[in-house]
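Dumping the structure here so I can ask a few things about it.
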Amino acid sequence: MDDAGTIIAFYVLAGMTIGSALGVVVVRNLIHAVIALIGTFAGLAGLFVTLSADFIAITQILIYIGAISILFLFAIVLTPQSGRNNQETFLRFPALALSGLVLAVLVYVAVDTKWNVTEQDGFAETAGTIGELLLDKYVLPFEIASVLLLVAVLGSIVLVRPEPAEED
Amino acid sequence: MRTKVLTGLDIAHKIEQKLAGAVEEALPEFAMIKADRLIETLMYLRDDEELNFKFLSSLTGVDRLEWFEVAYHLESFKLNQSTCVKVRTFDRETPLVPSVVTVWQGAHLQEREAYDLMGIYFDGHPDLRRLFLWDGFEGFPLRKDYLGMPGGLMPGLERFPGEPGVELSGRGTE
Amino acid sequence: MTIKSEPFVVNIGPQHPSTHGVFRLRLTLDGEKIIDADMVMGYLHRSMEKLAEERTYTQNIPFTDRTDYLAAMTGNLAYVMAVEKLMRVEVPERALWLRTIMAELQRIASHAMAVGIFANDCGAWQTPVMHMFRDREKILDLFEMACGARLTLNYMRIGGVSKDIPPEWMPQARKLLKDLPKRFEEYEDLLLNNEIIIARSRGIGTLTPEQATSYSVSGPMLRASGVAWDVRKADPYGAYDKVDFDIAVGRHGDVYDRFVVRVAEMRQSLRILEQALDMIPEGPVHARLGTATVQPWGQPVAPLAYRPPVGEAYARIESPRGELGYYIVSDGSPAPFRFHIRSPSFINLSPLKLMSVGMTVADAIVILGSVDIVVGEVDR
Amino acid sequence: MFLLKGEWYDLRDLGNTVGGLLDDLRDIGAPDWTIYVTSSLIGAVGILLWTVLSCLAFIWIERRVVALMQNRKGPNRVGPAGLLQPVADALKLLLKEAVTPRSADRVIFWAGPVLIFIPALVVFAVIPFAPKMTLADLNVGVLFLIAIAGINTPAVFLAGWASNNKYSMLGAMRTIAMLISYEIVQVLALLGPVLFVSSMRMGDVVAWQDHFNTWIFFIQPVGLLAFIIAGAVETNRSPMDISEAESEIVAGYHTEYGGIKFGFFYQAEYLAGFAIAASIVTLYMGGYTLWGLEDYVPAWLIFLGKLYTVFFVYIWTRGTLPRLRIDQLMAFAWKFLLPLMLINALVVGAEVLIWRENDIDATPALLAIGAVNLVFGAILVAGWARFLGHGTGKQRGQRAILTQEVGAVHFTPEPAP
């Protein structure tokens, strides 16, 4: 896995991910920010590919680019008078501090963890393995996630349901 | 079967029986209704069982030079009869007649058209705007005195190009 | 609580594939739902009513072609009938029959377009229109044989028609009449029973008979609302009192019924034509007009012109689009003193807002298609 | 014939030719990465060439065929029988000025056509044109198809939004609503083949169909139907072309695009159509196999033949059917196809489980499954339609009432739905 191609790909993709993630924060136009977010997702999917996690990579594209970004776009466009521009807010510095904190924690964990390095090849078929794990070892979190989604669906239906007419 | 045409005299007779004094003038072709009693007369024409003029076929303005008149051609589907009544106003600056939108919804567009082209104002019309011409258009083109041609010609005021007008008032009426 | 999106205004037209001309519909939308509809017209306004006041009665006939250019015959017919009423002219029998035949051919041609374009508005990609064009072309060929023009025909004259049909006209007309029923059957099969068309047009743009009457709606739209009113039957002109036909009436007054009524009327027109082609008598096609009404005018040249007596006349006929009326006021001069067209396309638009509020954009297009407007006639 | 097996001049599978070339490269001692790059370049260029040529050909075919359906001639002036018309059109699009509306968002406006074109092309990477003619036979190929098609959604939205035109916006919104709904249907429909084959590799799906001498179409008729409909939605084909409904919103999300930018949309639409047809052929209709004929006839020709046949069906519907309304289309996805596909997935799962657990012979098992699925599917479709109030005779066309009575009123209010 340590051939030149993978390493180059890793740095290119990492640059793309971080660059567009920065774009999300910096760009003023909300729609442009969503585009940058799509770039982040795509970069992330590429990173998964370099880890030979192709199922996760494809799912990343399917769910995040195909659905989540659309959700953002809908939320931006359909909110009346949402305005398309980010305004300066006083929350800027607290947010910066918070994200700095998160970064510090992540870096610390990444450095501190003893990463297992195995000589074993990547999974040939990741989908099957993930499926088995989901329905076997991690069935409880999986089911809880399903219930959560169901509640979310019901909630959104209740939200958009037109009120029954008062008259007649 | 042919449509029964109620002449102006017939219809004037009917109206006078019910609403005395509402008819100003009755001719074979039409009955002229007084403007202030127009709505109740037309309501009567519409709702009376024997008249039943539920359908406003045509509404249009005519510039008779001395006065403006609005002609209403009415029809009844049930009784298969038709008639024509009119209303007039002598004011040339802002001719004002009552709007009949409350009687027939179909008058809405036709009154807008008459206002747009003939400059007849309809009192009580919900949305009296220009229809074919744009907002801010000057004058009302179907009026006989609308614009002149170079050389002082006023084509609308002549009988026909090349034929001088003899008398101007109330032309087209006998 | 309900979530509403910001209302926004969409202009359908003046340049839009399905406004049938330069007509503009301003829709205020909440999402796809229409909350307000406003018509803007006049892009094709040629001020015919004013122009006609400076032209002789005969010179005005071409204007009537150019109002409803898909049904020029009926436009001609209504106008000359109004003038004849004013002049009290007796039209010869053969001319009456010819007028009837031409008007019915024109009705088939016009309804074919209406039906085809309606299917187009529903989203059928040109195919129905093209098939309808095939039949319409044949009818236009017949018109060309009779009067030399295909679209703006200028065929009717005050007191008759411009000229008699040539001898080879009849066989060709009969051949067409033999072909058409088969085609109509095919169209009825393909369009009337089409699940998607039914889904798109049932229950859309419904008008009750009371609404339709109050809004001065006429023609197929009125009949689709269930009112059996057809001027051809109620006040027969031409030779309609001598032929046998039915009034086609709809059931629910929705867009689909307007479509059904038009298809049924094409059938009835065929029925009229079949009888008329057999019953048409020989004879002159133009009335002899006395010198009392035909007098020289103007100086120095003095061409002849009709001078109807002082008075006014309102004549109405059943054009393919509805009740087409001409209101003419004469002051005894060779030109009309007032010339007003009661155009069915224009007045049938009055309930457009009523029909389209609460529907979606797609429905508004279908509703507008079902009104079957010709913008030349809306704006005049 | 069999002497050819695997030689570079064996045109039955162009993979052999490329393989021969790569072997030569290896022989002269080129480094691994050159071989890697060469093979992917050849594949990419090949696919690009093929799509462009097919597009040109099918633009002509579509116009001629639809013209035939409409009693007219279609393009017949440029070149023999109008064959060069698409080329002329393409040239015209290339030469036209690329206008950007002043109020448009310039960057996204430019990005729109590109973002739409790339996924439409990338999809073909996983399509097996012949046994050795797959650019990248991913082991999640089926998912890849859907994921890449899903990139279309934000691209369409961005194109519509960036145009700053209300028609475009409406079209974009419609497209998104439609694509997202039908993507779910598509995924559920594809569960059928995937469960049977128990692999998401496209090559495996074809191999499975070849091995059992059956097309998945025969054991998944309802699934194929749903997939075809979802495919029509995805490629904006009639009767689901509401996102660019010409009679309503002019051209939908690409109203403001002209010149070659429009050309991109136009070609992307064709590519999407080919991709859907290719997926149908691969997943449901046996791919490049035709019961042994692929040993004699070039397999990729068989594949293309099937592909064009399926694509022709889309042209056919375009020439014949009117268009549905957006709410009807959404209702159809959520109320009709989605439950149907959920039940279908359940049934397929049960069938596969029973088959596997009991070690039944393939032939009787497949016959039984096919019969069960056909009957069950038919009952389900008819029953569900009836449940939703369709096909109960209420929808039949009614004729007008004929009457002689002037002034009578024959009105019955429409019964409430």
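The letters A, B, C and D name the chains in turn, as written, and every chain counts its residues from 1.
Just so we're on the same page, contacts are C-beta pairs under 8 Å (C-beta built on N, C-alpha and C of every residue); 3 or more make two chains touch, one makes a residue touch a chain.
From a predicted model like this one, the values you see are computed outputs, not experimental measurements.
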| item | value |
| --- | --- |
| If a chain touches chain B and chain D alike, it appears here | C |
| Pair joined by the larger number of C-beta contacts - A-D, C-D | C-D |
| Greatest separation from chain A - chain, by CA centre | B |
| For chain A paired with chain B, centre-to-centre distance based on mean C-alpha positions, whole Å | 71 |
| Chain A and chain C: spacing of chain centres that average the CA atoms, whole Å | 61 |
| Where chain A and chain D are represented by their mean Cα positions, the distance between them in whole Å | 29 |
| Inter-chain centre distance, chain C versus chain D - centres from mean C-alpha coordinates, in Å | 44 |
| Multi-partner residues of chain B (at least 2 other chains) | 1, 77, 80 |
| Multi-chain contact residues (two or more partners), chain C | 227, 229, 233-234 |
| Two or more partner chains touched - positions in chain D | 406-407 |
| Complex contact set, residues of chain D against chain A | 33, 105, 107-108, 111, 138-140, 143-144, 146-148, 150-151, 153-154, 157-158, 161, 173, 176, 180, 183, 200 |
| Residues of chain B that touch chain D when the two form their complex | 1, 76-80 |
| Footprint of chain C on chain B - complex, ascending | 1-3, 29-30, 54-58, 60, 62-63, 71, 73, 77, 80, 82, 84, 104-110, 113, 117, 131-134, 141-142, 146, 155-156, 159-163, 171-174 |
| Chain D to chain C touching residues, read off their complex | 66, 69-72, 166-167, 170, 174, 238-239, 241-242, 245-250, 318-328, 395-414, 417 |
| Parts of chain A lying in touch with chain D, wherever the complex brings them together | 5, 29, 31-32, 34-35, 38, 54-55, 58-59, 61-62, 65-67, 69-70, 73-74, 77, 124-125, 127 |
